[in-house]
Amino acid sequence: MNALAIAVDNAPWQRRWRRFRRNRTALSGLYVLVALIVFSLAAAPLEALLGIDANNADLLSRFDGRSATNWLGHDELGRDVLIRLMYGGQVSLGVGIAATLLGAVIGISIGLAAGYFGGNLDALLMRFTDGIIALPLLPLLIVLAAIDLTKLGFSADFARSSAASFYRIVLIIALIDWTRIARLVRASTLSIREREFVLAARVSGAGTVRILLRSVLPNVIAPIIVACSQVLGSVILFEAVLSFLGFGIAPPTPSWGNMLNNAQELVATAPMLAIYPGLLIFITVIAVNFIGDGLQDAFDPRAE
Amino acid sequence: MFSPQRSCNRGLRTVYTVVAILSSFGTAWAAKDQLVIGATQYPSNLNPNHEAITSKDYVLGFVYRQATAFNGEGKNVCLLCTDFPTIENGLAKIETHDDGSKGIAITFKIHPKATWGDGVPVTAKDVLFTWNLGRQKEAGFLSLDAYDRYEKIDVVDDKTVVLHTKTVRSDYNELGRFRILPEHVEGPIVKSVGVAEYPKNTAYNRASTTPGLYNGPYLIKEVQSGSTVVLEPNPYWFGKAPYFKRIVIRTIENSAALQANILSGDVDFAPGDGVGLTTDQVLELEKAHRDKFDFIYKPSYTYEHIDLQKNNPILQDKRVRQALLFAINRKALTDKLFDSREPVADTFLAPISPFYDNSVPKFTYDPKKAAALLEDAGWKIGHDKIRVNAQGQRLSLDFGTTAGNKVRELVQQVLQSQWREVGIEVVIKNEPGRTFFGETARKRTYSGLALYAWTSDPDEPPVRNLHTSAIPVEGNNWAGNNIAAFSNPQFDAALDKLLVELDPAARKPLWFELQKIYVEELPVLPLFFRVQPFALPKWLKGIEPTGSGVSTHWAETWHAI
Amino acid sequence: MFFLRRLLGMAIVLLAMSFVVYGLIGLMPGDPIDLMVMSNPGITAADADRLRALYSLDEPLVTRYGHWLIAALQGDFGFSRVYAQPVLDIIGPALWQTTKLVALTLVISSILATALGILSALRPGGKIDTLVSFISFAGISLPSFWLALILILTFAVWLGWLPASGMGRPGEEGFLGNARFLILPVTTLVIANIGGVTRYARSALIETLRMDFIRTARAKGAREPRVVLRHGVPNALSSVITVIGMNFGTLFSGALITETMFAQRGLGKTIYDAILGNDYNLALVALLFATFATLIGNLLADLACAWLDPRISVI
Amino acid sequence: MTALLSVKDLTISFPVGRVNLFTGHRRAIHAVQDVSFDIASGETLALVGESGCGKTTAGRAIAGLYKAPKGAISFRGQDILDLPRASRRTVRRAIQMIFQDPFSSLDPRMTVSEILSDPLKVNGIGNAQEIRERVQDLIGQVGLPADTLNRHPHEFSGGQRQRIAIARALAPEPQIVVADEPLSALDVSVQSQVLNLLGALKRQRGLSYLFISHDLAAVHHIADRVAVMYLGRLVEIAGRDALFAAPRHPYTQGLLAAVPRIGHRRRRRSLIEGDLPGPLAIPSGCGFHPRCPLAKDICRRERPELKSHAGDRAHLAACHFAGEAL
Amino acid sequence: MVDGVSYTIARGRTLGVVGESGCGKSMTALALLGLVPKPAHVTGRIVVSGQNLSGIAAGKWPEIRGKRIAMVFQEPMTALNPGMCVGDQIGEVLHLHESLGWKEARERAVEELRLVGIPSPAERAKSYPHQLSGGMRQRVVIAMALACRPDVLIADEPTTALDVTIQAQILELMQRLQDEIGMAVQFISHNLAVVSEIADEVIVMYAGQVVERASAEELFSKPLHPYTQGLIATMPMIDNRQEQLAVIPGVVPHLDGNHKGCRFAGRCHKADSECRALVPALITVEPAHEVACHKARP
């Protein structure tokens, strides 16, 4: 785990890493998350190794228990539960990370602009952000999820492709998760902007872009990372909720959300089918939250 | 710890939050004279003639009696009338109109004691009122044909009318869609707002607890839009007095939640009439709670099938269509998923139908034959085990259905796997119901396969689904259900004949011919007929599923032990 | 002046929302007439055109929006296509149902979260803090529909203590009888909601307890409970309330899930069904009402903040 | 002595509160109003006053940190508020700034070497090799060893950080340095080190300073001339000795009397009563009148002009009674 | 942090404590109130009017604070509870210690506000801290501290955050109140000039230790410790301008626990091997003048 420390040999990062490492829950959260990522990525190799096809519905082995090649048994269509959980992890974590990053890009841009330029732009952008936060978003998102992409000029082929469904979910989630990042970035930017080293850079003649990129952005990275880690957890949950409402990743592509949703009705006969993805979602989100909490403490400016 | 008061007068200090104290819990209601039914769908509105959804028919069954309905044996019987009109019993007579064309005069006798919920008798006046209203398109009635088929109606007396059809037709005594409205309630509304505004102002929606709107054993006592309908016995009901003092129909859309409600006893049962649990859920209940419930699986006339896109060159090849059907193990599918309860569909007709032709080819699972057919059609196994043709085109098809329908999605994924075994690639592209039915299926924009169900009355000819005139095209505003765009002159001709042939002996060969053409041409891939699955508490008796319509038409016979 | 400005702001938000949602709904597949045609095979092309004209669907989106807006401003929000009733008749009870749910959740989770936040802030890093942290994170991390199912299975199916779903029957068992039906959904929402608020209350109180005036209070001779409850909590509370206020929208979203799971016809569910059922007008107006409700919630939160923190002026 | 920097009628206002719904404007407070002064080459002008008097705002405006102040600021006769883009940078680099808080004025993420080379890079001074030499030279000039260059600001004490900040200000070879309260965040024992360094640099490089401070003792030590501000306006400006020996404005007098001095136990020191009014409630007439022991009716009505009294042309005061014998 | 600090203050007298940031002067003050933050701990004796406070139970401290020993803090803005009107904040002390009802406590609070020279005190009592200017706030803090007429008042940099004119007002106020009430005052400041003006006796602290102690006049006219001498010399004097200021080289050392010898040795021009090896004791070199320096023996 020293890779992180070596990669950023910058002194504040070392201190933060040291502080983070001292936080045992956060550190175990990180281990769990890394393990989950490894777990998800191992899907294809393990599938090849065991010589099974996780997408193959085999009704004869419906609900069959564990075996030498099917470590967690079979689901309602006789597919291997373990491998599907691993593939589902790729989708869920993929959606989570992609939506968080996209949200971060939106949030950072808006937050930086609002915080640095201030004035009416700030007022406008923050009103907008607060407005978005205040809205009952889930119903709105259903409207978004129901939009016919062909009416927006996308080709019918694209609109029906599974890539479109992935992008659509990523986009929909990103459209709401940026607000927290934007607020945090703005708040940090506001305080950084008034810090005298930014004034000093301006006095020495640096242009706005240079100041934003060289003086402001590096100094708001810490809150951004904290915010992203917090957002990631809610995004993974959100994917599950969208699946629940029927707007998630379409089957047969597994995601933890739609696996959980499918398993709901089977709770009586095959409770484990619901417990595995539910547990994985829970563990992931809680791990991410612990990491976020640890990062927040580690990046606490008072401790710097 | 807090100081008792704060001196600084800020006006807002007087804001208090009132917290509801959940101190006492209500008592459990008295058992057995009340019945709680859980349905997955809410009957959006209650006018018998507007917008048909199953949940509405289900609720209306308790409170409203249409003229006739199909019973559990698939026989059309009287609900509101005394004698079911047939040629045989003389209540229906072929007559010749002044212009020489032929029609049928049907004598319809309203039950002498039939009364609306407010004590006003159901009379010929109501029949005439409904007929006049129903023929006007602005009234927005679901079935124009149910009213427009009559040229005139003669009133014999208060309780007897003679309906004169415009043409001779085999379904002359299918009167279930003639839904008589109370003239004394709806009449004044039509008068005051006009026909065009009637749909928005009908008392069924505006004042749905008005007793005068209903004539069934129960009356609607209370409606919580979207969630609950409460029924109580109709004091003016003319039939057998209903057993339950109160029936509550609750909408629980999430089927897992509905299942939980049944297990917890909050809901006594979920009807199998298409608004309750799915077959696999009831099967599960049977596995785990055999002691608590009685189980009924009533074969129905609804069948799941896959429409094939007619414009897709791959599917234009009959051999490919046949191969598709040979390659899937429908028997194993229903054995495993539905415990063999849902019979494999060989044609559009259910095996329980008297007109079912058992001699048609059955397309039992035969992957070798499927492979051979595909080879024959020029599809050779490619490098990734998916077949390609001489042009290098992959044998790949899109496969859509209604997203969120668990059973269909399961079936879909099984079929996908089975087809892959014979080298056919299927890409699943599901859409929410509104998109699927509203756009993709209706405008026939799906590119390969589309899975959904067709339903019909017992021995209703498949005109709506397979007649050329029922192909939705832009010219008819995409109306009709022939989404596979099946068009076969022989088939059309047989159908047309069937529609006017009154002689049962002559009808049977026509039915057989239709089935032969269907199996030969395979416009769609038949999968299996659904059942109406009921899990009824042991103490509840008298419920008789019909297989086609709703079981509530005979709700007065329901009782507890 | 403050109220005027806030009301004006709310009006602007609602106006913008109505326009955006109107546009978005226009982008959904199919139009209402399509569905009518679908359910009524007898309708002809001419009928469909006539109906389109009747519903003004043949006009450009903006014009339609204009008509809708003018009618809406006159108090006529139009009809629900599916229910064939004025939308307000449908929204009214749904709004009340959701309000009950959200308000109860809010009150309970605020009180509970503040109490838990205080407990853990007293000894950051201590045993209680660790436990509370774990509970909070667990609450945040559970998919709410999953939680709801577990609760139903436990308390309704297994223990049989509470009704699995529904909204009760007014007039029969009175408010308290109906309250039973709220216990599970409210519990679900509280569990999902409490984690975030607790974490926030905790950090706000820790922050506050580090402030100079806390030291002043101690130097005055105030004992620890008084220092925390009289000096710490009220000052931390205003920022907690801000967060709670911002949670209104999230709560409404959460209510949609519990309304589905517990079969309660609330606003979220109404919107969801309306969207799925192509009931444009109902979806639009219900969304606006939901927005309005959350904006009111925000306003109330701001007022509560101003009440707690004299530095914030409302006049 | 010709003026190197000339400030004429400088007025800086900030909008406060919300936009008026009807006019679309916001209320403005004038942080600095009609301030005029010159600084000659090699001269140190101190700007003194209490918090909120506008001295920092004025200093920042001169350093170019505000968009468009009203009035004129000219450097060597050239108006720098209205420069074409191209020449703005070359003129601007002649005016650099040292900030109050050396803990906040250095980017915590940069090494000292980056901090010092950045101003050279943005101003396009020299190639990489020259920049490196220049940076080493600079760090030596402020009395820090060359091995500091690879370290980060947090590794230094306040005094050392302020030296680094001074070196950064010197990097673009400025002619005027605006020093905004450069001592107030430092420990007493290092303040004198920084004061001495500033003095030495002035002598070596012929620098001019605009020295902004509330510490009259430090001002007395370093300044050639002193300008006193109150509520955004200059109330008195004079040579150091003249001002300290014979302040003409009652505010300056009160200020001087209030300065604590070693060995003056238990004396009466508060000539000035009451508090500074808020920026939104600036009194009419002479802004100082509510606190002034000399205030008469005229003070409430008329604002006194800043002008010379009793002969000394270089000693200006804005008081109706500045000419009278005190 | 703070090591072996001893001093006494007589009733009605002011002890000035001088030192740079981090020298431990505020920590000493907090120790007197039993408010030293967690990881640190206090040993030694604190005696007020003959009562030994060092051994008392933690639960007894609140009875001492505000009643026997009161404190005025540096930042009047943050030292006041922003959510409570100032009358209540003063009243709270009286409520706590003199068991007054809230009504009487508020009435007394108004009196206290009048005492510290706040105009129209009855109205001001209903103000919140943010509605007052910095000087007013510090007056409120002083009123709060003095409400119970404590034996000892600790003033920790009470004027540092204030402008000079306000500082002068507050200093005068404190002197007047001391004359009226007669409490002992411990006045902590880094500003030598302020301390020289207000204190009767002065102790100079460096890196957690007392290095010199004398009457104010004595200390400023004849400083004996090189640090004190250096501090005085480095100050620019309005009365006595010099081109070049004296300098104390170096910075305050970080204390790492195993420091040997005189803590000032690293910056002292007189330091020799003795200074680096042995900790100098605080010894009386002249009557009422103590110094901890090997080089300042009598």
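Order of writing sets the chain letters: A, B, C, D and E. Residues in each chain are counted from 1.
Note that in this section a residue touches a chain if its C-beta (ideal position, glycine included) is under 8 Å from a C-beta of that chain, and two chains touch if they have at least 3 such contacts.
Because the structure is a prediction, the values reported are computed rather than measured.
The fewest steps needed to get from chain C to chain E, moving only between touching chains, is 1.
Two chains share more touching C-beta pairs than any other pair, namely B-C. Distance from chain A peaks, on a Cα-centroid basis, for E. Every chain gets a centre from its CA atoms, and the centre nearest the mean of all protein CA atoms is that of C. Inter-chain centre distance (chain C to chain D, centres taken as mean C-alpha positions): 53 Å. For the pair chain B and chain D, the distance between mean C-alpha positions equals 85 Å.
One simple way to say how far apart two chains are is to compare their mean CA positions; for chain D and chain E this gives 31 Å.
Between chain A and chain B the centroid-to-centroid distance comes to 43 Å (mean Cα coordinates, whole Å).
Listed for chain E are residues 85, 92, 128, each touching two or more other chains. Among all residues of chain B, those that touch two or more other chains are 3, 8, 254, 256, 263, 432, 434-435, 439. With touch defined as above, residues shared between interfaces to two or more other chains in chain C number as follows: 29, 149, 153, 260, 276, 310. The part of chain C that touches chain B in the complex is made up of residues 29-30, 34-35, 37-45, 47-48, 54, 79, 82-85, 89-90, 93-94, 104, 107, 148-149, 152-153, 156-157, 160, 163-169, 173-180, 182-183, 225-226, 229-230, 260-265, 269-270, 273, 276-278, 303-304, 306-307, 310, 314.
Residues of chain A touching chain C in their complex: 25, 127, 130-131, 133-140, 142-144, 146-148, 151-152, 233-234, 237, 240-241, 244-245, 257, 260-261, 264, 267, 274, 278, 281-282, 285-286, 289-290, 293. The touching residues of chain E, counted against chain D in their complex, run 20-21, 133-136, 163-169, 171-172, 175, 190-194, 196-198, 216-217, 220-221, 230-232, 234-239, 241-249, 251-252. Residues 55-60, 62, 76-77, 146, 148, 156, 160, 162, 246-247, 250-252, 262, 264-269 of chain A are the ones that touch chain B when the two sit in their complex. Residues 50-51, 157, 159-160, 187-193, 195-196, 199, 214, 216-218, 220-221, 244, 254-270, 272-273, 275-276, 278 of chain D are the ones touching chain E in the complex.
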